[in-house]
Amino acid sequence: MSVTTLDNVHVAVDTAHGTVAALRGVDLQINQGDRLGLVGESGSGKSMTIRSILGMLPEHARVSQGRLSIMDEPVNPVDDRQMARVRGRHVAVIFQHAREALNPVLPVGRQIADVYLRHRGGTRREAREAAIAMLGRVAFPDPPTKSRAYPHELSGGLCQRVLVAMALVCRPKLLAADEPTTGLDVTIQKQVVDLIVEVIEDLDAALLFVSHDIGIVSGACDRIAVMYAGRIVEHGDAEVVLNRPTHPYTQGLVKSYKGTTRHEMPFIRGTAPDALQVVKGCAFASRCPLVMERCWVVRPDMVSTEASHEVACHAVQQ
Amino acid sequence: MNRGARTWLRFVVRRVGTLVVVLVLLISFSFFVTRRLGTPLYLMVGAQASQEILEAAKSQLGVDQPLWKQYLNYMRSVAHGNFGVSRFTYNKVTTDIARRLPATLELATIALVLTTLLGIAGGMAAAIKQEGLLGRLVNGLSSVGVSVDQPWFALMLIWVLFFILSVAPSPVGRIGTQFQSIPRPTGFLLLDTLLDGNVRAFGSAVSHLALPIIAMVFTTVPYILQLVRSNAMQALRSPYIQNARAFGLSRGTQYRYVLRNMLPSLLTLVAVNYAWLISANVIIEQIYSWPGLGQYIIQAMNNSDYDPVIAIVLLAATVYTLLYFVVDVVSAIVDPRWKID
Amino acid sequence: MPSSSRLLDPDGLQNGEALLQIEGVSKRFSTLRAVSDVTLSLREGETLGLVGESGSGKTTLALCLVNIYKADTGRILFRGKEVQGLPEHRFRRYRGAIQYLFQDPMGSFNPFYSIGHSLNEYAKLNTDLAPKERRSRIEAELERVGLPARVITSKPTSLSGGQLQRAALARVLLTEPELIILDEPTSALDMSTRGQIITLLQEIQAERHVSYLIISHDLRVVRTMANRVAVMYLGEIVEAADNETLFTAPHHPYTRALLNASEMRHLSSRVTDRDVLHGEVTEMQSVAKGCKLAPRCPYALKSCSTQDQELVSVVGGHTVRCWRTTDISAVDGAARKADPQ
């Protein structure tokens, strides 16, 4: 069963400076048990993808094309009432900068309890006890005492665990993590990722792990989709995408990640296109080492290169 | 978590200490200021008084003593609750104040509750439905309320609702003349009329409260409303509210989260508002002939009657200080980020 | 100053040979020991990498170098001259030579001024150039960092993070600095474009013979840029070595855990699956007895938490603060000290 499907989704945002094409045709299907990593850099649209699934698009945003479905039911991301029934219940998101995502004037146990009450009902006491139990599940030190702590008294890593506990309480079918390790110490990052993977297995839920760090993503997911300028440009098994990338952008990305030497740090020259620009042809053309004339005019479609591997690139498809 | 019981105790004790020090300083300050102003000797004894009478008056007032002795005497009498005698009513000032306090308190408290409730409701509505009809209506009314001149508005209310439309009662006093003599055990007419079982009197008390309350509420709600609105607008966009939304928490819960976060600033404003309503609501009491403290202080000033003036000034200062103290403590309770050590 | 710090001077540079010499610097903030007895030096034209996570003290140390914090103990020598603890008017003259590039480019520009205005103000304060010369220097540096001339009139908000980063670099270069402290220069940038700024910094170093102190939690950046690396944990240096040694033969468990967590263990066979830290870093740990890492270290023994760890030299220039991983004689000596029997 499909937990969530995006079918050629285009999202446009009307701003004072013009219309921003945030998503320019995203195709994604996540089934039960899937662990998909969504890799992209600033402006790639990876956060917008999560927001679409949650129905929390920014003001003046609209789905200009395409369809979304959650649990095989079509949904309209702009319909707040409909989406409110989805949030938490079917899809739970763990955001970055966990401390800011928590209410500063309430103890963390209380906040988890509020989520519990919302999705599982029961009395305040039951919710409080469930919250403490959940904190124990996420390896919180001394849950009964610490559940009364306030967010500003906890480290970034601990705050992140509180969010994971909230997600656990919801028992969603899809757990999405939006850059959950940003800002955390490197030695803590692995702890958080391991925790998320553990939770997925516990809940038997699907995982959508969004990050700019292809290394972290490959550690938690079996498949990776790479986004650039509002579209997915490569989609395949994590091991293949990381070690034998096909799309020039993915290649550049992987090289930047793995190819650092004692004297050189590889990079992709140029910058991603301005969000306000209307892109003709392939959005990566201006930075691509394999660019051909066709690339400036015709937009490449996602085409299978081998079993369960797709790439959107003219050069590769020759 | 460094806010255990001992820390709290230390915090409260420190604040109470500050409170006491401030009050003592206030009282001392008012003493020295009034002594500078001089005593209305000639008003008391007449311009043609002889030297002996003058001397006698001086010693009676105690102004022939050295200053520090006067100060001690003054502090002693204050400590005993003796604030002098009104030269106009011939009562002890404390008696006058005690009699008039319920009138002001009744007006102030009802106005405060209504202002706060309407301010919160209006502010939240304006923040949530900014672009809708409701939001715009609320903002519009708020702008009018803050721009209108309170005395003018109060008078207009009388003119329109009493003179022209005859829906309001005559704006003199707290209750219709036919009910003046009902028993007043508490001094709060709404309670007293109910205790007496006199429904008609209750109705009269309510209708007499209506105009001054409307005048006060309409001109004060905008301040609370604007505070609530700007805090709410900011909070609604904050990451923690977005996160609450993302976890499916209901709108009601989200709004409660928002209100909880703005409590310290809101409480401060409400406290200031209340202190003002109790101690300085002079214009409304004058216009509506309301027998409260505001009317008392105007009367005293017009008659060069110093003792009541000083006493009310002190009362006002005390009320402000006390309310700030309460807000301080409550804010520290409500917002865990406030440092109390 | 503890005598052990003589041992720790990485290259045994004499005063005067090093551009920057930090000796035994410590800084406390009430109960937190932010920096403990740090000794480092930096040669002209070279890059020193300072690696650490939150609470390591690396930023505090760097801010001591530019007189934003005053160290509690120790000396900082720039070209042999004492610059630690100087009053601002005496430190002034070094400000052109020692520049600081802050972590958050958006935060280091006044949003009301255009980029050109900010750069001009900076040049006025830190150089003696005439207006025309200032203008041409600004244009030259902007070009050098790869920004088009039109940014001179742009406001910070219309530039991307990467562009602002470059503008901040241009500003720093205006003063013709000898030492630039780079505080997390790539954390705000995308992974695929980090290399752009790193390459730029390398080119500028080659052209102008400027020295860098690069602070980063990103080991890849340090790998590419630094000649020598010092790893800090809770205020102490736990390992210091030249680049090649640190990455191919890391000794300290913390260094190895960092390499493991950063997916860089392929550089050294010494890093294994065992090199994972559990738990979290806490303020309390900074004042605890014994090895600061002990609560989280996969190799910790009981004696690790009771005996303070000394920084010991492994091979000339390579120092490590861990009795379990340094050579036998040091292990013996420390073991004898650790177990008082």
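The first chain written gets the first letter, and so on, giving A, B and C; residue counts start at 1 in each chain.
In this text, a residue touches a chain if its C-beta (ideal position, glycine included) is under 8 Å from a C-beta of that chain, and two chains touch if they have at least 3 such contacts.
It should be emphasised that the depicted structure is a prediction, and the values quoted were computed from it without experimental measurement.
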>> Can you tell me, using the touch rule above, whether these chains form a line, ring, star, complete graph or other shape?
In response: line
> Which chain's mean C-alpha position is the greatest distance from chain C's?
Replying inline: B
> How big is the gap, in whole Å, between where the Cα atoms of chain A centre and where those of chain B centre?
Replying inline: 54
> Roughly how many whole angstrom separate the Cα centroids of chain A and chain C?
Replying inline: 33
> Taking each chain's centre as its mean C-alpha position, how far apart are chain B and chain C in Å?
Replying inline: 58
>> Give the residues of chain A touching no fewer than two other chains, as numbers and ranges.
In response: none
> Where on chain B is chain A touching in the complex?
Replying inline: 1, 238-240, 242-250, 253, 257, 260-261, 263, 334-337
> What residues of chain C sit close enough to touch chain A in their complex?
Replying inline: 53-54, 160-162, 190-196, 198-199, 202, 217, 219-221, 223-224, 243-244, 257-258, 261-263, 276-278, 280-282
>> Using the touch definition from the top, list the residues of chain A that touch chain B in their complex.
In response: 54, 56, 84-89, 92-93, 95, 97, 100-107, 114-115, 118-119, 145, 148-150, 152-153, 163, 166-167, 170
> How about chain A: which of its residues touch chain C in the complex?
Replying inline: 41-42, 155-158, 185-191, 212-215, 252-253, 256-257, 260-269, 271
